[in-house]
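Naming follows writing order (A, B and C), and every chain is counted from residue 1.
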Amino acid sequence: MWRDLLGRFLAARWGRPRVERAGLFPRRARAGRPKIDVHDVGHHFARVVALHDVNVKIHAGEFVCLLGPSGCGKTTLLYALAGHIQPSGGRVSIDGVEVKGPAPDRLLVFQEPALFPWLTVRQNIVYPLRARGLTRREAADRASAFIPLVQLEGFDDALPHQLSGGMRQRVQLARALAVDPAVLLMDEPFGALDAQTRSAMHQLLQQIWLRDRKTVVFVTHDVREALVLGDRVVVMAARPGRVLHDLDVRLPRPRDPDEPKLVELSRWIRAELRRTEAAAAQDEAEEPPRTEDGDARVGEGRSAPRGWPPDVGAPL
Amino acid sequence: MKGAALLAGGLLTWELLSRLGPWPRWLFPGPAAVASSLVAMGADGRLGAAVLRSLGRLAQGYSLSVAIGVPLGVATARSALVRTAVRPVVLGMQALPSICWLPLAILWFGLSEAAILFVVVMGSLLAVAIGTEDAVSSVDPILLRAAGTLGIRGPRFYYGVLLPGALPGVLTGLKLGWSFAWRALMAGELLFVAGGLGQLLQAGRELLDAAQVMGVMVAIVAIGMTVDRVLFRVLELRVRRRWGLVEAAAA
Amino acid sequence: MRAATVALAVLAAALAPGCREEPPADRPLRLGYFPNITHGQALVGVDDGTIARELGGKLDPKMFNAGPSAMEALLVGDLDASYVGAGPAVIAYFRSERAGLRVVAGAVSGGAVLVVRDARSAQDLAGKRVGSPQLGNTQDVALRTWLRAHGLSDRGGPRGVEVTPLTNADNLAMFRRGDLAGAWVPEPWGARLVAEAGGRILVDERSLWEGGRFPTTILVVSPRALERRPADVAALLRAHVALTRRWQADPEGFGRLANEAYGRRTGKPLKDAVLRDALSRLEPLDDPMPAQLARLAQHAQALGFAPPGDPSGMVDATILREVARR
């Protein structure tokens, strides 16, 4: 079993993707200290192996998409980066410092808008800034700058429940950008939006990223979304959660999801994922399953680990 | 319209029963006698003074229970240690009718205002605390996560995220606590002569004046409903509308 | 099934206040009284069997703690007769539209005092709190009437006195703690306030009435009992008159018996000195004193405690006169 897995892993690593010339290249190690270093990280919930020996290095200014089917541990990995989960093995460090909990240099953007329902759009942006010690004036200025950036002029005083899903998600994006973290961690932020809104959000996010060049780690299970947005796509597989391919995307920006090249690449990645899954299913048919449920996502909600983050607010 | 007709019908039946029923009218006065007793109590200032006194006490006792109950509820919801230590006691004491605190109140505070306040606080504190705890525990975890990742912590977290997030639920607890406080106050005011509506009720009994007893009961019901239906309803509706829990268009 | 029965019972109770089944005439006479020295005839007569003997054993004594509850019981038909303070009896009479009771005899006159801490006159009590035994009872009415006669309100305020009805025991406790500037109480509580709490008698109520006599305890019966079982009422009155005469003849000996009976009920007999002091201010008297009762009724009506009405039909002394003549 293990030998088989290793063999397949090596093949995936060194068996060059045939589509190389079409825009995808195996990740080449970069010089210099990475911004984010995920080293031999493993994690399990009870007896479910969510992550197994994951190694990823992310450099400052990169836009990295973690792509994979549900259960591949991509969300778990993201939460480990955010500091909301302590992995059971290995080491996650940022700028060489081990991650021990959430910190102001990283910010998580959720699939749900996660806006404070009693605050207006403007207040939702201002309040966290005030909490981070900005003066009233500075916070107001930033809100005024970011609300137009996400195309919400005129909605300053609207309450979240008066907005559409896409607008709410834009408020969340504005709130995250206004806080100005070094690393933006995004957990399928557009997963719940309809296709049209989603593609508008992709354009918007690309524009903003091209302007600011923040380090972004973006979790998605949508192959095309990953190819449209990412500089780099880390393809993950489930059971156990592991990295299948680590690919550089070399396509000109801004990208169009219907571009033939992009469509072709996404077809290839999808085939690759299907192949891995079929092999795993065959393994399982031969052997008793190692886990009842490989879904690394916990919590009855979609992505958030169950319960409250241990670090929210001060302990009593 | 229909409601008014039904009310009128009910009052008429009551008056007829009082006048034609087999029992003496002074034991079972009709609405006219009750109303005239209410008017008499209002005219000589007894009713107004009693209402003011009762509401004053209620304001003190209830504020005290909110001031203690809300932080207690938050602490129970947020700290496993407090939860283990306090929760069984709170739940157990919640089962105790507030009137059971009377004897202890008298032993500790004598026949004083403090004794009545004690009964009011004990009667409503736990409902407030339990309501707050429930509300805080059921705040959407995504909001707490968002607060965590946005770096909102300390007092700003409690006043800016946790309490507002729990507010719709906390209001329900506050409303329940208010109705408990009101009941406990009436029990406490029957304790000894210290003014207030409970006392006016007791006086009616001691003077064998059933019309006064019923009149005061009507006043107690009216005040209870006013606060519950008007004050809390309006407050709840406003909060729910702002929080987006009801359709703004529907209102 | 059971729930339905209970529901029916509740409904019936709610719809039928005062509709009690008529007790048959050979049922025992239900007599109310309080564990109080001013109810001496009842205490001694119940305990040594005098009353039961006259009634041929048909006595069902019921003890109450306060006038209003005894009067409630009498009005709704749970009592046939009761020793009671004059105040609650007057209020019950008018409240029941003069149909609920008749006064058939007096029992005790006097025995009510205003004990104060340091006041020298009514004016010294202004702005303070004074206790009374019960809203609308004899002493409560007397206190409020006396305050008004001295130009003071009985509803508190700087130019008034806050009259606070309390149980006798609470009056003593609060007086001792200094929470009361005074208390208008019946004996033996007056004597106890003096002996145990260092109080001083400011007003002996006897000084307020012509001839020094006024009804403190009286004997009332329900009109139904008077009408349907006059023989039993007469028997009760025979016992009452005999007991009253015994008390008048030997105040000290009778007082001791009453104190023993009081001790059996409350667990704590009075000290000899307190008992002697208390007895010195009260007088057993079977005269129902209609004139004084009428005046008391006017006072209660003036205070708004009793509805207006003519007190003349309240006393029915026919049987008492017959019994006394023999």
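Criterion: contacts are C-beta pairs under 8 Å (C-beta built on N, C-alpha and C of every residue); 3 or more make two chains touch, one makes a residue touch a chain.
If you're wondering where the values come from, they're calculated on a predicted model, not measured in any experiment.
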Chain contact graph, described as a line, ring, star, complete graph or other shape: line
By mean Cα position, the chain sitting nearest the middle: B
Of A-B and B-C, whichever chain pair has more C-beta contact pairs: A-B
Separation of chain A from chain C, taking each centre as the mean of its C-alpha atoms, in whole Å: 87
Chain centre separation (chain A, chain B; CA means) in Å: 50
Averaged-CA centre spacing for the pair chain C and chain B, given as whole angstrom: 38
Residue numbers of chain B (touch at least two other chains): none
Residue numbers on chain B that touch chain C, as the complex places them: 17, 21-28, 44, 110-111, 192-194, 202-203, 205-209
Parts of chain A lying in touch with chain B, wherever the complex brings them together: 82, 84, 102, 104, 106-108, 110, 112, 114-118, 127-128, 130-132, 159-162, 175, 179, 301, 304, 307-309, 311-316
Residues on chain B engaged by chain A in the complex (per definition of touch): 75, 78-79, 81-82, 141-154, 156-158, 160-162, 164-165, 167, 242-244, 248
For the chain C and chain B complex, residues of the former touching the latter: 15-19, 68, 71-72, 75-76, 91-92, 95-97, 99, 134-136, 164-166, 170, 174, 177, 179, 304-306
